[in-house]
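First the structure, in the form of structure tokens, and then the observations on it.
So that you can tell them apart, the chains are marked A, B, C and D in the order they are listed, and the count of residues begins at 1 in each.
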Amino acid sequence: MNTFGTLFRTTTWGESHGSAVGCVVDGCPSNLKISIADIQKELDRRRPGQSKVTTSRGEGDKVEVLSGVFEGKTLGTPISMMVWNRNADSSKYSSIKDLIRPGHGDLTWRLKFGNVDWRGGGRSSARETIGRVAAGAVAKKLLAEFGIKTVGFSREIAGIWVEGALTKDKIKAIDTNPVRTFDCKKARLMEKTILDAKEKGDSVGGVVECVSFGVPPGLGEPVFNKLSSDLAMALMSIPAAKGVEIGGGFKLACMKGSMSNDEFVLDRGKVKTLTNNCGGILGGISNGMPIVVRVAFKPTSSINREQKTVNLKTKKNATIQVEGRHDPCVVPRALSIVEAMTNLVLADHGIMSGMIPRKL
Amino acid sequence: MNTFGTLFRTTTWGESHGSAVGCVVDGCPSNLKISIADIQKELDRRRPGQSKVTTSRGEGDKVEVLSGVFEGKTLGTPISMMVWNRNADSSKYSSIKDLIRPGHGDLTWRLKFGNVDWRGGGRSSARETIGRVAAGAVAKKLLAEFGIKTVGFSREIAGIWVEGALTKDKIKAIDTNPVRTFDCKKARLMEKTILDAKEKGDSVGGVVECVSFGVPPGLGEPVFNKLSSDLAMALMSIPAAKGVEIGGGFKLACMKGSMSNDEFVLDRGKVKTLTNNCGGILGGISNGMPIVVRVAFKPTSSINREQKTVNLKTKKNATIQVEGRHDPCVVPRALSIVEAMTNLVLADHGIMSGMIPRKL
Amino acid sequence: MNTFGTLFRTTTWGESHGSAVGCVVDGCPSNLKISIADIQKELDRRRPGQSKVTTSRGEGDKVEVLSGVFEGKTLGTPISMMVWNRNADSSKYSSIKDLIRPGHGDLTWRLKFGNVDWRGGGRSSARETIGRVAAGAVAKKLLAEFGIKTVGFSREIAGIWVEGALTKDKIKAIDTNPVRTFDCKKARLMEKTILDAKEKGDSVGGVVECVSFGVPPGLGEPVFNKLSSDLAMALMSIPAAKGVEIGGGFKLACMKGSMSNDEFVLDRGKVKTLTNNCGGILGGISNGMPIVVRVAFKPTSSINREQKTVNLKTKKNATIQVEGRHDPCVVPRALSIVEAMTNLVLADHGIMSGMIPRKL
Amino acid sequence: MNTFGTLFRTTTWGESHGSAVGCVVDGCPSNLKISIADIQKELDRRRPGQSKVTTSRGEGDKVEVLSGVFEGKTLGTPISMMVWNRNADSSKYSSIKDLIRPGHGDLTWRLKFGNVDWRGGGRSSARETIGRVAAGAVAKKLLAEFGIKTVGFSREIAGIWVEGALTKDKIKAIDTNPVRTFDCKKARLMEKTILDAKEKGDSVGGVVECVSFGVPPGLGEPVFNKLSSDLAMALMSIPAAKGVEIGGGFKLACMKGSMSNDEFVLDRGKVKTLTNNCGGILGGISNGMPIVVRVAFKPTSSINREQKTVNLKTKKNATIQVEGRHDPCVVPRALSIVEAMTNLVLADHGIMSGMIPRKL
């Protein structure tokens, strides 16, 4: 349940305010060159406190690699990675520990497990995704050896939608603005809208789009472990994700077949499609075009406003106002998690399909 | 890859124009009363030839149960079910077997497997879903023992969107019209639009919504096998599915947290939410409210119109016009598959969570 | 639970006196040439009624291949195979259906599942292994493409132990005698001992040894899915198996390290071991030497002698004498199952290690 | 591959001379009371340096619990445990790093992975089993809540066999002698034989027997995940294990059915067997009698004697004499690993069968 993947497998562990959080990556091919910096770089993109649109919590999040790497290369054995929890302030949670926060898993976790670490959301905190991002960094490095590159960006924030496909020349623009999108005008609008919501103690949602370039044809295992279904599972498992679509997605539902079908054509001896409504996946298998996925994130659940709730101890109706340093919008940080999960799926399918050997 | 589930497991097999298609259901608790009629009823809903908006192919699809049931009750051993393939007409496919059909997996399957049964789509045919629906019928029967009922309907077809939540009193209306929605006025409009497209050799897409009533709190295994992520995987594995959302889904991405959060309130001693934007799942675990999922289906890929393609044998650009008896819209039949996959996920999670015992 | 393997996966189904028994093989690479005869040949070796030392039940056991093979080659899709149950005589079981047979799973299956098909042992009958042998035949054919050949023989029956390693020149002798061993003198002694026991309504046990030639180095996944541990699991799952050993096995426990260690030496540029006490597996990974496994089978549980038991209906002590046509010794037929399970493990590990590609 | 179990899952990680070794236990029910001392106690039994018959390496092996436990009780989330590697002396390995040690996995790991941590055996070192023993301690604590207790002892060392079944009154004697058996006379003989071998730079093997008391009927999942087959897999995965048997094991192969069958009799309303040749498992399912397993361990591979080997760098025949502090016999320490693996299997099957709930 805390393990993901078939041959390239990630197990994450850790509570938000426990000793540490981490992951074990099993099944990574041996002889892959990898350094701490490769992993830290990805964690730094996920890290809070990067700008005004994210939380001001200053988590250092320095990763330690405890196994699986020897003389700068992977051994083919489990890679254990860990980040100590520091700067955790449980006091804000102590006062509301009997109140269930709307939008959070407080109630359902309590009903399921009985014993819950209420400090900072415990295991249901987004801090769990540190393990995913560290594992995803290994997958990213592995996929790079085979020319595969995955890039995420904010496609929509607070209803502000960015037009146009992500092409390689637009990638550079993404990290130039705090909301991480390639349209700099829209970026300013998005930023303003987030800060407006923040000021009012509110939050906003958005959509992350993630494009994988260089994926060869043949990845995906019909009929249940299609590339699309495994991506859907991976992406929907991200905290706050409520929707996933591939290629044209929900828009295809309103189209005619004569418009939605991607016609085939020969391009220098290779079969290509003229359009990419299928998002690079046909019949559950990659077709060589860019893989395009989109994930809908709901607005941050922790808001500084009075909301109705129930006190589980007194068994009475109550109200709650969640204080603390929370992201007014999860999207800019979530995109590094979307990239990580996409990379984990591609690495797993790459190995299963035989594209990636067990020993480099 | 052709097996789905952790403890309640379904393996499907069979090519569209091979000898037969079928499935093996493993892990169903013993002592469940079940009859052939229980399974046949679901297959009949999936079956083509039910109305003008579906294909006119007259597949009989009579199921045989070969194992796992003894004296009307399950044994706890694998339930093997099978439908012989009859009325298969491979001639239409013979003439286009070197042309890859736009929107289909013809190209990707060939690149991946080399040897492909081109007759009727082979394994990538929607006929594979017979096994899913038969397995889903077993899951449905099992879940009924615990008061869980899942109902699917057409939420949108060809851009025509039905408003309002599915409530129990609206369920009856769904099967009164060929497009299977609860709004009878919109149903007529949908039907007309499908037939218009069909006449023009075209097809349309749509959205199936599926609501599960009576699911108790506690189903779902964080962090990767959340109820939401396993549902996403299951539903995205259905042929032609290109998007999945839970509860408010993509609409939540445009909302403020103060609107999207479902506030809590006591209702006769139990905690309920005032709204259900989360679709019955919080933190990946069911919260006792109805589970609401939506699946976007692209328009049927087989259309009777000239489209650009490539001839794999001659390695030249070509055109193709797919003849034969195809559904102009997959949505009315697909909803029985959406129900089946939802039931399979719920049965599996019901057993994993301990809600459903191994022996009834 | 009824599925075995990670990438090359076998699911078996069926009760002894139900409609049919069968299996689904998932994950077999595409483009493997295979015919019904390849599979039937293996089933014929497992089939009862071959000699006086086996049961006289005349089961035809003709296999049908329902999917996964097209134009004589595998598709890479699930291979569904089936044998109809005929010549089943449930009358003998009817009279003892409330008595639990010593040595059988009658009691434990009833306690676990409640509902049990008591006819012919139901699912716990060795007839279940038809599915394993059919699946094993596919694995055997696949492994042959890579020069791997697995041969089983009776190493011991009723305490009569055959000396010497199985070398390639001794293989031919195995099928010349009904007890299937390569030492023809010992074979006659074994046969006589079995028939003596049979005459007295008794049964005997024995040990099957299985040698896999041509396995390249590198198969096996430390630390839990070692080649040795996956073989142990596979072989111990065979009905009546009570012990498994690799190479020197239990004898090594009485030796000194200076004797048991296999010393290394160069042989035409390749590293070989001078002895093979490790049975071809070091550190859980194949080392290029023949893989040697041994399985201990207890005597057939069904014996024509009075034994103490309990009547589950009357809840009183009782006696039972099991009539019917039972093997006085399972070993000669079991060796085809040992071969099958060994081949399934090797095929699975062959694919996992990358030795066998997904597409031939 | 480094993960074991279906619902109660253990992932181990770490190289012998890397930073640390550890494990993640996933699927442990919530609300189980557990302390560091519960885990440390088991690690101390496994720890080297306990007597003259084990290695003199003084590994402290203090466990840290990093997640999954809150206020003294499990959370139902992954339990991450870790032991830092200290006192590692790689110098002895440096001089022989191009020589492959007979009996070890040096060659096979190199062929499979290319990049190998040669220091102290790396991942193939028995130090990896620290993670297993820590995980087993959690399983032991969980099983104790259900009255299940597993005890291992040395049944045979260097050919010296202890007679008689382990009964509850003999348990206390086991830890009174360094070889850990219940027959104190034989214990002295065993000890002397081990020390004799040690003096001559040699090593000896032996057999661990493990008995699980209090296991209720109904554990085990036919047909592949029988309790016996999962135990066989678990036990054969232990370093140096070369054989596994259940109950009478290989001895049953020499018996008649009339002797090996365990007859049934009523005992205060419950069905019991008069003997326990089946080792508590019938048809793959526990029958309520003690579970009895035996594991054959080969002599320690590292011996202080000259042996033939190959230098992989020079590609020439060579000799090797392995120095360092090695156990002259692994059996006394291995029995804590046998207990751990047995407990892991029982916990997993206990949860799967529904005997153990997900929340205590």
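FYI, contacts are C-beta pairs under 8 Å (C-beta built on N, C-alpha and C of every residue); 3 or more make two chains touch, one makes a residue touch a chain.
In this text the structure is predicted, and so the values were computed from the model without any measurement.
Chains that touch both chain A and chain B are the following: C, D.
For the interfaces A-D and A-C, the C-beta contact count is higher for A-D. At the far end from chain B, in terms of centres built from Cα atoms, lies D.
Here the CA centre of chain C is 27 Å from the CA centre of chain D. As a whole-number value, the distance joining the C-alpha centres of chain A and chain C reads 46 Å. Averaging Cα coordinates per chain places chain A and chain D 39 Å apart.
Annotation for chain B: residues touching 2 or more other chains are 1-3, 12, 77, 112, 123, 222, 353, 358-359.
Residues of chain D that touch chain C in their complex: 1-4, 12, 100, 102-109, 111-112, 123-124, 128, 156, 158-159, 197, 202-207, 217-218, 220-226, 228-237, 239, 241-250, 252-266, 269, 271, 273-274, 277-279, 282-287, 296-303, 305, 307-310, 312, 315-317, 353.
The residues of chain A lying in touch with chain C in their complex are 6-7, 77, 222, 352-354, 357-359.
Interface residues of chain C, counted against chain B in their complex, comprise 1-3, 9, 11-15, 18-22, 24, 26-27, 30-31, 64-68, 70-71, 73-80, 82, 112-117, 122-123, 358-360.
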